[in-house]
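Presented sequentially are two complexes of subunit A, the first with subunit B as partner and the second with subunit C.
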Partner chain A sequence: MISKKVVLIGKYGVGKTSLIQQFVHQRFSEKYLTTIGVKIDKKTVNIDGTELNMLIWDIAGESTNTKIPKSYHLGAHGAIYVFDLTRPSTYENIVSELNNLKKLISNVPIQLVGNKSDLLDEKNIHQIINSLPLEISFLTSAKTGKNVESMFSALGKALLK
Partner chain B sequence: MRESDTFKKLTQLILEEEREAREKLENRVEVIDQNLNEREKLEPRIAPILSDQVVYLQKKFPELFGPAITASIKNQIKDSKDEVVEALYPIMGKMVKKYILKEIELLSERIDQKIEEAFSWDNWVNFVKAKVFGIKQGDMILKDAMEPVIQEVFIIEQHSGMLIGSYSRVTSVDQDMVAGMLTAIKSFAKDTFSIEDQELETIEYENYKIVIKNFPRFYIAVVISGIVSKVFLNRLDDLILDFVDKVINQRSPKAEADFIEEEFSENLNDYFIKLNQYDK
Partner chain C sequence: MTLKEIKHQYIQSKSQFILFDDQGKCLDSCDTLFQISKLEGSIFSHIPFLESMVEAFPTLPLDEEFDFPCINLTLNGIEGYYDIILKRITYENDIANLCILQDFTHHYEHLIVLQQERNESAIKSEFLEIRERVLSLEKDLLTFQNEELKRIQEFKTTFFAQISHELRTPLNGIVGLVHLLGFPYNNTKKEEYLQALSATSQHLVAIVNNILDLSKIESGKLQFEAVDFNLPDLVKDVCQSFVFSAQEKNILLGHEIAEHIPSHLKGDETKLKQVLFNLLGNALKFTDNGTVTLSITGQENEGKWMLHFIVKDSGIGIEQDKLEKIFQPFEQAEKNTSRLYGGTGLGLSIVKQLIELQHGNIHINSQKGLGTEIHFSIPYDLGKHEESIDLMHEKKYFLNHVLVAEDDLLSQKIVKELLQNWGYKVDVVADGRDVLEKIKHSTYDLLIIDHQMPVLNGMETIKIIRESEYFNKLPIFLLSGQDINNKILLTDWQVEILRKPLNPDDLNKLIGKLSEPADFEVVNLKYLETITQNNKIIIKELVEIFINKVPVELEEMGEALKKQEREKLRLLIHKTKPNYKYVGLNQAFSALEKWEGAIEKDLPVNNETELLQTITKTVKAAIAQLYSKNLNLGIKELKHT
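Right after this comes the complex of A and B.
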């Protein structure tokens, strides 16, 4: 079976752990338990008849007083950069954040994901999307599960290319 | 004699001489031509010159070609550093180990000598056992029960933490995830203490000890239960170096680019089962 390493990156509290919980275990919790360091999960997905073993690294979001080893990212075959649609501070520096990421892992597919879409209405979401300098890959909700599966599948597909 | 006669005679003389000279020359050219074009005739003449050249080249070879060859080897090594290091790693490891072992042997011999003067050997053994284990010799059965057993062996790609191969006495844990977490712990230790060229070597918890051996592109983690003695670690070390040298470094060049999971798992079984008393 083909195995690939996927890293989830983004500021603290944007919903990285929640997205993985939803994708792997189909569950959601309102409780916020910040991730310490890194947690690894895995899920085998079937992409157009090919079994793909996704090793998902849930990397803790950095805050001002915690530093996360950059080496967690190394060797990743794909990445998901998550931001919180309700917190502008999580997507203000998106261009430079993504550039830094690309320095650590070059030439791998990266999904840009706006999470917590259940908390905003259509109009607000469109405003945010239009204000961003980059195109967003998916708008997700770890709470309702919207687009979670399709977002991971899309990355899986890109990983097999 | 008339003047014209004299002239005639003179030209005749000169021309005669010239013709003779030309004939001689022609003959000579003929011979040279034959020598050059017929191999059998050319060979004996050139052979000594060539062999002189060979001797000269042999003598001067390092001087003439040395720098160019050195440069090209240097370049090759520079371009494929990983491969070179990987090939040398186990060999160097063995050499260094052998040297150190020898030194320690010498040292312990000297110590033994001193001790023998003070105690009898048997007394000493009992004394140490009692000190270390706090038990009498008869109770050494307990120690036997704690004999080291290799529970699991993982070959893991550096940085990415992807599992390359594994051996498991009893499969219980998710090996992919263990490989990832071990790598994360290693990264954490390295980044946190940020000491260049220092790596996490063992992790201990309760009855288990995880021994980590680092190589440039991958590392090998061995999970051992029971009391792990220096002698056991030593044998394990040899086994790992041997395994890397004989199995991993001898892969077909086709497999060079990517490690394929489970490629080594069978070999791992053969290798590491040897160390397990209970699996014999």
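Right after this comes the complex of A and C.
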């Protein structure tokens, strides 16, 4: 079976752990529990007939990802950068944050994900997306599960290419 | 136990060293924390942290340490936090991977509480900051709205204070004059009072119109049209209306348009006229002798024509410090301007806004005692080229019986008398229901209907009329004292709008526009009788020429038209047209005259073949009439039937 390391990056409280909880265990909790260091979860997915073992590194969010130990990125095959649609501070410096990430793990697929889409109406979401200088890969809700599975599957496909 | 031993025991109890190869086979393990050495198969399948690094191990440089602090692992069912060091080393003459696990669960569990608090408070303060920002924006918006309201309120207060003053003056005048007219012993002065009453009323109407314009501008409701118009015609019309007052004051009034300016432009013709009327009117008003000129230049930029207008006079001029103020509402350069020269002080303010709302600009140069130059520019699109001349649809106007629907007695009387004075038969009703009754029983050529009426209002009545089978072609003018919202519907219904108070000129113009297509003309020999002093012999000869020659000439014209021999056609028309006049075919004569003129100027003419056919039919009908009447002229040898 093919195993791939995937790192989840993004500021604290954006819902990285919740996305993994939803994806791996199909559960969600309103309570905010901070992550420290790294917790690794595993899920096997079937991508077009190929079994893929995703080893997902849930990396504790910092105010900026430059504070994260560089070693965490070692050997990563893909990354998910998560921001919180309701908190501008989590996407204000999105370009430089992604550039930093790309320096640490070059040439791997990265998904740019706006989470907590359940908390805003379409009009607000549209305004935020239009104000961003980058194209968003997925708008997810760890709470309702919207787009969570498809976001991980899309990354899985990209990992197998 | 020595201190060294105590230390060794302490550190040893919290760390584990594992050696394994690139396939995950355990080479050695101290198993202090977990039983690794006895696990079956690859250790990767038991420790996801190591499993995710499988591809990385062969790439690690030899003897270099990689630190992974605070890794959450669940091993043998126990969850904890570990700092992990990975190192690629030489072991028993081979390469192996060393993993050092150090248990910091106790330490990190303390830290997690602090981190939780730190993050929660940071998130809270972020939301607070957002809330504060929203509140501050809402406050700014409120302040702005308040200021705008205050500004509008102030404008309204000043505006009403000023207009009530402006309105009261002429109103007082009107009341006084009406009062004077009531005295029988003032009969000799009646004419004089009526003149003054007319002038004062017109002044009042001008003020009210200006106020309406200003309020429309202020409320942003003024709309601009984009219609094709002919600039030289417009300028000529405007100047023409000032010729009389210029002559009276012995002022030379002139205008010039630079040659390169296209004559056909597209924009709001009415607003341009309004601006020019205002500025030329002012120039004439403040000039006692000398000249008033309007010159127009301009240049093209990306398909748009920016026209520059200069209205120059040799009048009293304005002092430099008053120049800025004169564009403000109710401002005139001098306190006694209104008394000496009249005016509302609203004109220039309206002009400035009309120009600026059309993306133009205006400025003024003036020297006290020497005169004033007003420069303004407005962009226009290029209009459609010369319209072709449609001689076929020359209209003839027949109007006899008019129905007036108006509930206000005074307005009823004014419209009725106006129409009767012009020689029309007039019926008057007071509401829409009566209109519907009337038109069923009498034939009307025109309906003039008020917008606001009891029972059935103007629009409702018009709707019923237009939807009816029998009356949908009845010409209708809608009288209205206010702006009509549904102009598109009215255009669709072919209803013309007349503003109240009714301007007789407007009504006359609209009546002039009313038309029906020309029918076959009836021959009439009155003209011949006059010019020949009723000499029957000459009349007979000329009629014979008409009967014998005109049809031949028509055939020749048809040939020339077919071959597009324009000059030949023109000569034929020129030669044949007097014959039409002799027998009283004035419409055909006039159509031929215009046709000739158009060919001479090389202008396109619509449906020439059809025009020739109509003239031919008219001629045939005329010849038949001449025969049937025989006209007691003894016409015997008739070649054409």
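Convention: the second predicted complex is superposed on the first by the 156 of 161 C-alpha atoms of A that agree within 3 Å, B and C clash if a C-alpha of one lies under 4 Å from a C-alpha of the other, contacts with A are read in each partner's own complex, and residues count from 1 in each chain.
Just so we're on the same page, a residue touches a chain if its C-beta (ideal position, glycine included) is under 8 Å from a C-beta of that chain, and two chains touch if they have at least 3 such contacts.
Model, not experiment: these values are computed from the prediction.
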Exercise for the section: State whether A:G13 touches subunit B only (first), subunit C only (second), both chains, or neither. Expected result: second
Exercise for the section: Tell me which of subunit B and subunit C touches more residues of subunit A. Expected result: C
Exercise for the section: Check the residue A:W57 against both partner chains and state whether it touches subunit B (first), subunit C (second), both, or neither. Expected result: both
Exercise for the section: Identify the overlap between the subunit B-contacting and the subunit C-contacting residues of subunit A. Expected result: 3, 5, 37-38, 40-42, 53, 55, 57, 69, 71-72, 74-75, 77
Handout entry: Touching residues (chain side subunit C, partner subunit A) in the complex
Key = 48-49, 51-56, 59, 66-73, 81, 108, 111-112, 115-116, 119-120, 122-123, 126-127, 130
Fill in the blank from the handout: Within the complex, subunit A is touched by subunit B residues 157-163, 174, 176-177, 180-181, 184, 187-188, 190-192, 261
Problem - For the subunit A and subunit C complex, residues of the former touching the latter - result: 3, 5, 12-13, 32-34, 36-42, 53, 55, 57, 60-61, 63, 69, 71-72, 74-75, 77, 87-89
Handout entry: Interfacial residue positions of subunit A with respect to subunit B in the complex
Key = 1, 3, 5, 37-38, 40-42, 53, 55, 57, 69-72, 74-77
